[in-house]
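Shared between the two complexes below is subunit A, which has subunit B as its partner in the first and subunit C in the second.
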Partner chain A sequence: MIDRRLWRGRVVIVTLACLVAAVLVGLIGIVVGSSSLTIPDVVVTLFGGGTGSQELVVFELRMPRVLGGLLVGAALGLAGALTQTFARNPLATPDILGVTSGAALGAVAAIVLGGGSYAVGAGLLSLGLPVVAALGAIGTAVIVYGLAWRGGVDSYRLILIGIGATAALMGVTNYLIARAQITEAQAASQWLVGSLSGISWASVWPVLIALVVLVPVALLQSSRLDLGLLGDEMATGLGMAVQRHKLLVIACAVLLTAAAVSASGPIEFVAFVAPQIALRLAGSGRPPLVASALMGALIVAGGDAFARAVLPDETPVGIVTAVIGAPYLIWLLTRRKHRESLT
Partner chain B sequence: MRQGYAYTVHPDTIQRSATQAPRRPSPLTRAVVIVVLALVTLLATVLSLLLGSNLIDVGAVIGALLDPANDPGAVVWGSRVPRTVLGLMVGFCLGIAGAVMQGQTRNPLADPGIFGVSAGASLAVVIGVYVLGTSSVITTLLLALAGALVASVVVFGVAALGRGLTSPVPLAIAGTAVTALLVAITSYLVLSDETTLAAYRIWVVGSLSGRTLDGAGAAALFALAGLVFAVANVRSLNSLALGTELAHGLGENLVRARIVGLLAITLLTASAVAITGPIGFIGLTAPHIARRFVGGDHQWLLPASGLIGAALLLLCDVIGRMIGGNAEVPVGVVLAVVGGIAFIVIVRRGKVATL
Partner chain C sequence: MTSASASAPSASAPAAAVPSSAPPALEARGLTIGYDRVPIFENLDLTIAQGEVTTLIGANGCGKSTLLKAFGRLLPPTEGSVSLEGVPVRSMSAKAVAKRLAILPQKPLTPSATTVRDLVSRGRHPHQSLFRPWTAEDSRITDAALAATGIAELADRDAGELSGGQLQRAWIALVLAQEAPIILLDEPTTFLDLSHQLDVLRLVRSINRERGATVVMVLHDLTLAGRYSDRLVVVGGGRVIADGSPWEVLTPEVLREAFALEAQVIADPATGTPLIVPAADIVS
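Moving on to the complex of A and B:
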């Protein structure tokens, strides 16, 4: 019992620390950029006391980008934590539900076919890239879930069907890129890396709405996630409506990922790394939900601020998050042995 | 101290094996399955030699095979024989690598590329084009081989510094992290240079087109070494299937078992990736299919996975040659689409044996 209370306390501390760090990173993100602002400038402007040009820079240029980064990161971090927990597999990101590959195929098809004379592509492109990506993501996830349904969804079967669907869709995506004009191939590759440079208020709102609606749903499932770790049969025996719980968790993960991916392109790595880092920092039995979301926000917004402040030309945030997140996770992995040898 | 991995213990696995006796095919069934798979592979080989975008009638192909001087336009010996041989080798290697991989990690999401092999090979190829400006088949092959080996050494190093090599989980996570890092660097180079993108986007799809036997000797050597390690790992894989602790209790030297298995996976995958480019899908699916037919004993699972991999790759290559018209569809694409759909059908219809 003492052990349990101890790690609960640590989860709270880690969560609060992530929250503070995310807010700080958000402020820094608004400060850094091509036109110079100081932190006091930004704070004054946020409370309505800035000059016209300061307001333009802060509210129209920097805010959507920083907020977008925070929200996209939070959505991916939470989606990752949910998927890794319900699948009981640290390698299970929302990708395995086909979300990312579906979004990628939709977006790449729109980019590659949209430039040519194909009616399909032009039609897709007229919907707008974010809408096409979101449709691809949700559509694929529904198909994967439907195919995995045999009087209930078994996590293992869901994962395997997700693997098959992802492979097929990625094959088509790669083929489209290989056969496209080089400029369209570049645009498609750019989108596939994930970037915040094209983000505007219009693409921030859907992510915000998704988070506002889905975070409470996810948190309400929290105790059931613990039960679910015991396995389907055990959880059913303990009186849990397993299938309903799974459907809710999967729907949350899918919608959060779809919203994030349509806003920024697939910043895939975040959904894997944020829960893993949060888990190790908190020392808990499964990825802590809120801390994972905040860690995701921290990584994406921080990565983007870092890229704008330090790196020469516009480096896509998808690259920066991997370059920062991967070594950190590796460091956490290598540190593990020393802690264990002490206990 | 509390382990952060409640969810990597698969209670399902335990419950299932307790409640439903695992289907254990008799030795006769297994032998029949292997023979049938060998025949299917043979059929795929014949088809791969006979069919192609250049329509040559059967008699002429056989004539050319018997007497290289009779070869119309050097299609048979110049193109079909090399890609058939390479296809058999790559498919076989990937199938076996996948089976060893899943036996080692006991994770259905672990494909042979997870140790950074594919990502390392990709980065090496991209650096080759970016720095040297070359994308000839042989340079690409050697660079890919080198990149694959370096990347996997890094992954093993990270895992060994951490919790050691005995537990599969840190290894898989280290592999995923290193892969992400390499992919990020690759993306950066690809996005900043048009020539690099042009070469990379063709290579990354995975193809047998235009491959010759030049330089394949080096890859074959690595593949052979990988096969030897895989065979040496069979007994350990069978005890690892019972769980790390039971395997330890049975007197298994875990560190040795891991290292032999990892060497097998790396060498097999590296040689395959060097030849065709990253085709992860075979390693991921062939063992799942094989497990359904021959059960979990690796003595049977390994050859069955290898044969399924070889047959699958060759058949998909033939399909790719036939459907593309004058521009053939790369085998990686056909494999992903046909294989992906077939895999879904198999998973849906049958009871999939858990790891």
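Moving on to the complex of A and C:
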């Protein structure tokens, strides 16, 4: 349902501003690190007027990384907005629900066991790292959701079980790294930081497809997200199929996160911070969905461009977002008003 | 101008005329309900007539809110069925039920950064769909609900800034905007001072009288329940202890059984409805 609240002026302005900023950051991201390209060159090349070497740099070298950063960020931002709204809690990100650590365990298992003599590892690696990570994420989500189900899912219980699952999965992941060969352990650690350096067109497509399919599904749940903020009982009374809505919202969030994490590894704090910044800019009752996605795109692509332009030695974007995101979390918690609601 | 105080409370006022062939507003048959398979009611039959104000009363923990939730399909029965105007609720879609039956739970959550008008407009959800988005009619009904509950001038305020009494009016406005002929209210007067309790109950009475709405509510104050209800249902010990008009139900015997309360019942000097006077403490 198209809700008239969706068209509130301030939300629209913030969304458009985020869109413009994301496009600019994308253009800057293509230029950064190259000695010869300028932003006008990039625009000309994008519209088909560049030289052969400009096309090579823009389309083959820079675009996958920049577009990948924008799409991964958008997927994480939207996933975070969905889970934070549905749980009425800004801490309820896909990371907390165990999805990210499930992906991490899958990926690390593939890296560590794949190099050794374990038959299971060889099988895992042949599936491809992104697929194994996605399976880890989705499998964990199904288990957590199943354990939280008691004739319906209560979001508080879902968060607690997610935290428990995260701890268990991290333990197994660390065990695998601890007993791995040094090169495999290093590869696993690098993956766990979250980076766009290994991204290619092949890993961009799945994220794009996930967004194209899931953004409309999420937007159609928009007015139900508003009703959900009144509590499950009120929402039921207003004719909403609460459990079906929750399942749809969680499935969207999990698939978006799985697609993003498979492409880039877990990029910390984006799913948490992007919706909260969008919420504060828009002054709305819950994180605005499209603005949260664009803010996520902005953070990841911007963080990566910043790391490449300013920081030494190809600093992974996951480190940049964690270093910015953690202080933001602390600031948010310290300035919380006495009765600020949990969205 | 519709105002809450327009209709004076009166125990003897007749319920809105309903053709005798009309099915009951709500009907529970063989209902077993409870939490975690521990039944609170077993094999319960209860019928709610159209156009009446019915109030469920009983001691704390007797299950009156549970019963209301079962009628409002917030709690699926373990056994038995609830029918809404003669149709089993289980066979109806969520939105189809919401067009006929509105429920105000005990503790709805107030969303942040939401104006009162926005909050009330959410009552229009059951009437909307992908193919029937928000219309001028929805705006008109929302404004009418704000006016009927006397909070039109608060429409652009943040719902989080309202006082308890104002907020309760906003929730009732939301339920009115739903335009359902049957309204369930779970303890609508809790946490309000006496004057605001009376405000809310006068409003409920006027909704019943002027719109012909069927109202089922849970109240704690027995005197107020007697003053503003056509019918009282006393529940306790997993069954209906008494059921009838306020004077039939509010007797010293029923009060003793349902509430372990020693009291006499006299005529309220203001309205002639039953007034509960608890017995004096015995000083030894």
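In this text, the second predicted complex is superposed on the first by the 314 of 343 C-alpha atoms of A that agree within 3 Å, B and C clash if a C-alpha of one lies under 4 Å from a C-alpha of the other, contacts with A are read in each partner's own complex, and residues count from 1 in each chain.
In the analysis below, a contact is a pair of C-beta atoms (placed from the backbone, for glycine too) under 8 Å apart; a residue touches a chain by one contact, two chains touch by 3 or more.
These numbers come from a predicted model, not from an experiment.
Using the contact criterion defined above for the overlaid structures, shared-chain residue A:Ser284 touches subunit B and also reaches subunit C. Judged by the touch definition given at the top, the superposed model places A:Val57 against neither subunit B nor subunit C. The partner that reaches more residues of subunit A, of the two candidates subunit B and subunit C, is B.
Once chain A of one complex is fitted onto chain A of the other, the partner contacts of A:Leu220 are limited to subunit C, with no touch recorded for subunit B.
Using the contact criterion defined above for the overlaid structures, shared-chain residue A:Gly237 touches subunit C, although it does not reach subunit B. Once the two complexes are overlaid on the shared chain, A:Ala293 sits clear of subunit B and of subunit C alike.
In the superposed model, A:Ala165 lies in contact with subunit B only, and not with subunit C.
Once the two complexes are overlaid on chain A, the subunit A residues touched by subunit B in the first and by subunit C in the second are 3, 88, 229-231, 233-234, 283-286, 339-340, 343. Of all the residues in subunit A, the ones that touch subunit B in their complex are 3, 7, 84-85, 87-92, 96, 147-148, 150, 155-157, 159-161, 163-172, 174-175, 177-179, 182, 185-186, 189-190, 192-193, 229-234, 268-269, 272-273, 276, 279-280, 283-286, 315-316, 318-320, 322-323, 325-327, 329-330, 333-337, 339-340, 343. Those residues of subunit C whose C-beta lies close enough to touch subunit A in the complex are 69, 72-74, 93-99, 101-105, 107-114, 118, 122-123, 125-126, 128-130, 133-134, 160, 178.
Interface residues of subunit B facing subunit A in the complex, by the touch rule stated above, are 1-12, 15, 107-110, 158-159, 161-164, 169-170, 172-174, 176-178, 180-181, 183-185, 187-188, 190-191, 194, 197-198, 201-202, 204-205, 280-281, 284-285, 288, 327, 329-330, 332-337, 339-341, 343-344, 347-348, 352, 354.
Contacts from subunit A toward subunit C in the complex involve residues 1-5, 88, 220, 223, 226-227, 229-231, 233-234, 236-241, 283-286, 339-341, 343.
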